[in-house]
Amino acid sequence: MTVSLPFPCNRLLPVIAILLAFCVSAAAQQSPPASAGPPDPKLVEDLVAAYRILADHNLLDGWGHVSVRHDKNPNRYLMARGMSADMVTAKDIIEFDLDSRPVDTHGLPMSALFTERYIHGEIYKRRPDVVAVVHTHAPSLIPFGDTKVPLKPMYHRAAFIAFGVPVFEIRDCAGMTDMLIRNAKLGQCLAQALGDHPAVLMRGHGAAITAPTLQRVVARTIFLSLDASLQAEAMKLGAPINYLDLEEAKLIEAREGHGLARTWEGWKQKVMPKP
Amino acid sequence: MTVSLPFPCNRLLPVIAILLAFCVSAAAQQSPPASAGPPDPKLVEDLVAAYRILADHNLLDGWGHVSVRHDKNPNRYLMARGMSADMVTAKDIIEFDLDSRPVDTHGLPMSALFTERYIHGEIYKRRPDVVAVVHTHAPSLIPFGDTKVPLKPMYHRAAFIAFGVPVFEIRDCAGMTDMLIRNAKLGQCLAQALGDHPAVLMRGHGAAITAPTLQRVVARTIFLSLDASLQAEAMKLGAPINYLDLEEAKLIEAREGHGLARTWEGWKQKVMPKP
Amino acid sequence: MTVSLPFPCNRLLPVIAILLAFCVSAAAQQSPPASAGPPDPKLVEDLVAAYRILADHNLLDGWGHVSVRHDKNPNRYLMARGMSADMVTAKDIIEFDLDSRPVDTHGLPMSALFTERYIHGEIYKRRPDVVAVVHTHAPSLIPFGDTKVPLKPMYHRAAFIAFGVPVFEIRDCAGMTDMLIRNAKLGQCLAQALGDHPAVLMRGHGAAITAPTLQRVVARTIFLSLDASLQAEAMKLGAPINYLDLEEAKLIEAREGHGLARTWEGWKQKVMPKP
Amino acid sequence: MTVSLPFPCNRLLPVIAILLAFCVSAAAQQSPPASAGPPDPKLVEDLVAAYRILADHNLLDGWGHVSVRHDKNPNRYLMARGMSADMVTAKDIIEFDLDSRPVDTHGLPMSALFTERYIHGEIYKRRPDVVAVVHTHAPSLIPFGDTKVPLKPMYHRAAFIAFGVPVFEIRDCAGMTDMLIRNAKLGQCLAQALGDHPAVLMRGHGAAITAPTLQRVVARTIFLSLDASLQAEAMKLGAPINYLDLEEAKLIEAREGHGLARTWEGWKQKVMPKP
């Protein structure tokens, strides 16, 4: 069926269509994404603990962050507003969609959010298996990111390193930058460099670390950082190093998390405010 | 004398014997070993302090452990349930036989015990002179375990290193594993690698350390870890190292423990809960 | 017009002129410089926090100091009296002119001021762009000052190192000394060695660090010190190091300070006395 | 004059003389030395602070010690009973003569005193200029004592190293020992190795450090230990090191102590029990 429109309708229609598309798109961008509903309070408590535990280990300060997927919707994740990790409380946790748009900023301006939240959103998009992400500036990792000396598993609690920890070179994605993952495109490049690995170093910057649970991403951050120190020390001894075998790493990862709950209690009781 | 049994007895007897042996063995495994009775409360207090002192020195976290032989029966030892070392209290101490079976789990499931308790039981079996055992993941020891650079005595408080600290390679015992000493056989291999030495490094994992008293096993853990750092530093200076002589080590060990009681009080008062 | 003076005036005039000049100069030296008025209390609070934050990071002890230009007059700066950095309070802050003469010593003798205040005054004189100065004995910087191995930017929070961190050799200015910047001439030599750079190492001594804000000079001190540790570690790995590019550094510095306010809150709440 | 004694006196006299000498000597050894009277309470308070400050810097534990000459008699010195440094209070301070015999043990057995007090007594005997002595097991010093790599002044607060820090080899004095300075003879050998230097390293053990004041011996201990770390780090950078010149060291030592009082207040307020 062909509809013949009288003048001036036939001329205006394309213009109207473009205007409409623009307005719908702008509205979509301005209206916040829908919430997945209130997350499990236990998950929020553990996320707060994660910030404080990593701060207590000198692995987060005012610039790093940790997130976890929402327990009611894998297309949402939870993360603190931009703030010092050792001060995070439950009311500072904000819900984001996977484009890293906040569901509700609690009245804060967008500038009060972590600029680099795209690290989290883009990794969650690309890696359905990942439930929690850390972005850290852990000092022991930076010499490895800057030299590209490959990180290797020295210690069984860091066995996952056997699955590979590549280095992300931001220049390959965007040339000269201010080094921050400040938009979706940079987040996608980082997620691509991560690939199927558990973690990725970021040259001149730090690392992004993933895991299938929140407690494990905290443990992986602690032990990735420790392993880098151990490897640096071992390299200075000047003798061949007997790293963990890939087969050992697989067997360790198959049972990993065992015993973590008790360690988590120990870490947590040191950092949570006393009632 | 030959006894001739009527049919079907002559055929059933072997079956009955096998069934009986199975049931006795199963009963033995299921019924807990007998208790040696309540241990000296001072010993329990010192064991609690040992966990907390080693945690305070960053030598135990949620995964390492310390044990001591029961003062009323050398075939029993005392050790905490599986938990973070800095949180251990007297009521968390559990009694084990030398097969590492708990006398009483205080109502906890077996999974709430340290998986690697076999390190302790199998060393106590093989080494009647050993009264206390530590299993630690001390960071400074791991580069030496992974490179097999021999640990040497740099400092008189770690003179016992002169008696040798071998490296245990779990692959020689059981091929590819998840690295944990999770059964008696692995514990026996480790105890064999320890031999008559005061301590043994575990490749990719940590160390097991022994002593004739609880206070000395704590001191040995602290100073073995310190000595490894000192040796690594000295090796980097690039000059020949003048280690302690074996004769000096023997003279030191003959008086060792002298002065330890006062240091123990200092260590302890920092970590025990204030009344 | 020529004025002919009767004897003895014509002979005494030059003597009188010299005496007058001497007296005016002595009076100027003895009378304290005028105050710029009370500084913004928020600035004073942040200056107190700066001392305590740097002490908490082990970057100031009883000998280092931090100063900031007076918010009401760029020819005055504010600095603590000579004291341990972790004990500074608002009432310990003293106002100086750019010759480093105190406006009011609060009744203290001159010997109760920091001898090396000339570091600050002479840098403020030479560098109108500088708003805050730190003098630190940060341990990680000293090996670089003593070897003249150039500091390089390893980590984006220390990107300003790309603009150059020269080494000041006090022997070039004054031969053999007790190493202290104890007068204006030595301060001028140091300011000259600093040139247009953000910081200068002082051989056998420490460093002077500048920034366009008080919060940034604290952050620069923390991250200059961290970067030195990272570079030393990376150099020991024995592989080529991929430092930040000058272009990256420029882009980073253009946005630097972003996010610093939240980290400042975290640093500050740990060190300020609780009400 | 010759006196002719009747028999049996002429035969017994030599025996009597020997017996008398023995008894006098035994009495001298058993009767405690006379006290110099109560020391200045401020000196005692500073000595208590010295123990706690050095413990807070991880330079004393249950085994090291610090002493100061009695302010009323240079032939007496003050030192804590054998105990953990962080627990010392005024009532634990004991007075010794220069043979390291206690004036009054406060009812304690001799075994409750530090075995190695001879380090202090023998140095005070040989060095009238020394007013305070520290014996430390500072970890950063041990690699230098074991390798004989000479310590050099990297940092102006440790300028006194330019006057030489020799290494004491106990084997040269007494062959194979348990390494402790457990008698006057070993103390004399150590004092001889010290010579006119400000400090002496003890191979496999630690160091003895001297100064003309109590506050300076604490500062020298802290900065000797720091300088050793700095030198080790600088040596790893692989470039020539520009140490302090002897002339600079002399100028620094001539003013040293300036500013120390304020740092002392900072160190002290962190460690003294709050009223």
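When the chains are written out, they are named A, B, C and D in that same order, and each has its own residue count from 1.
The rule is short, and it goes like this: contacts are C-beta pairs under 8 Å (C-beta built on N, C-alpha and C of every residue); 3 or more make two chains touch, one makes a residue touch a chain.
This is a predicted model, so every value here is computed, not measured.
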item: Chain labels contacting subunit A and also subunit C; value: none
item: Residue-number overlap at the subunit C/subunit D interface, same or different (half cut); value: different
item: Most remote chain, CA-based centroid, reference being subunit A; value: D
item: Rotation angle superposing subunit A onto its copy subunit B by C-alpha atoms, nearest 5 degrees; value: 90
item: Approximate Å spacing (C-alpha centroids) for the pair subunit B, subunit D; value: 39
item: Centroid spacing, where centroids are CA-atom means, of subunit B and subunit C in whole angstrom; value: 55
item: Subunit A residues counted as touching two or more neighbouring chains; value: 236
item: Chain pairs in mutual contact under the definition given at the outset; value: A-B, A-C, B-D, C-D
item: Footprint of subunit B on subunit D - complex, ascending; value: 61-63, 82-87, 115, 137, 139-140, 142-144, 146-149, 171, 176-180, 203-205, 232, 235-236
item: Complex contacts: residues of subunit C adjacent to subunit A; value: 153-157, 159, 226, 229-230, 233-234, 236-245, 247-248, 251-252, 254-255, 258-260, 262-267, 269-270
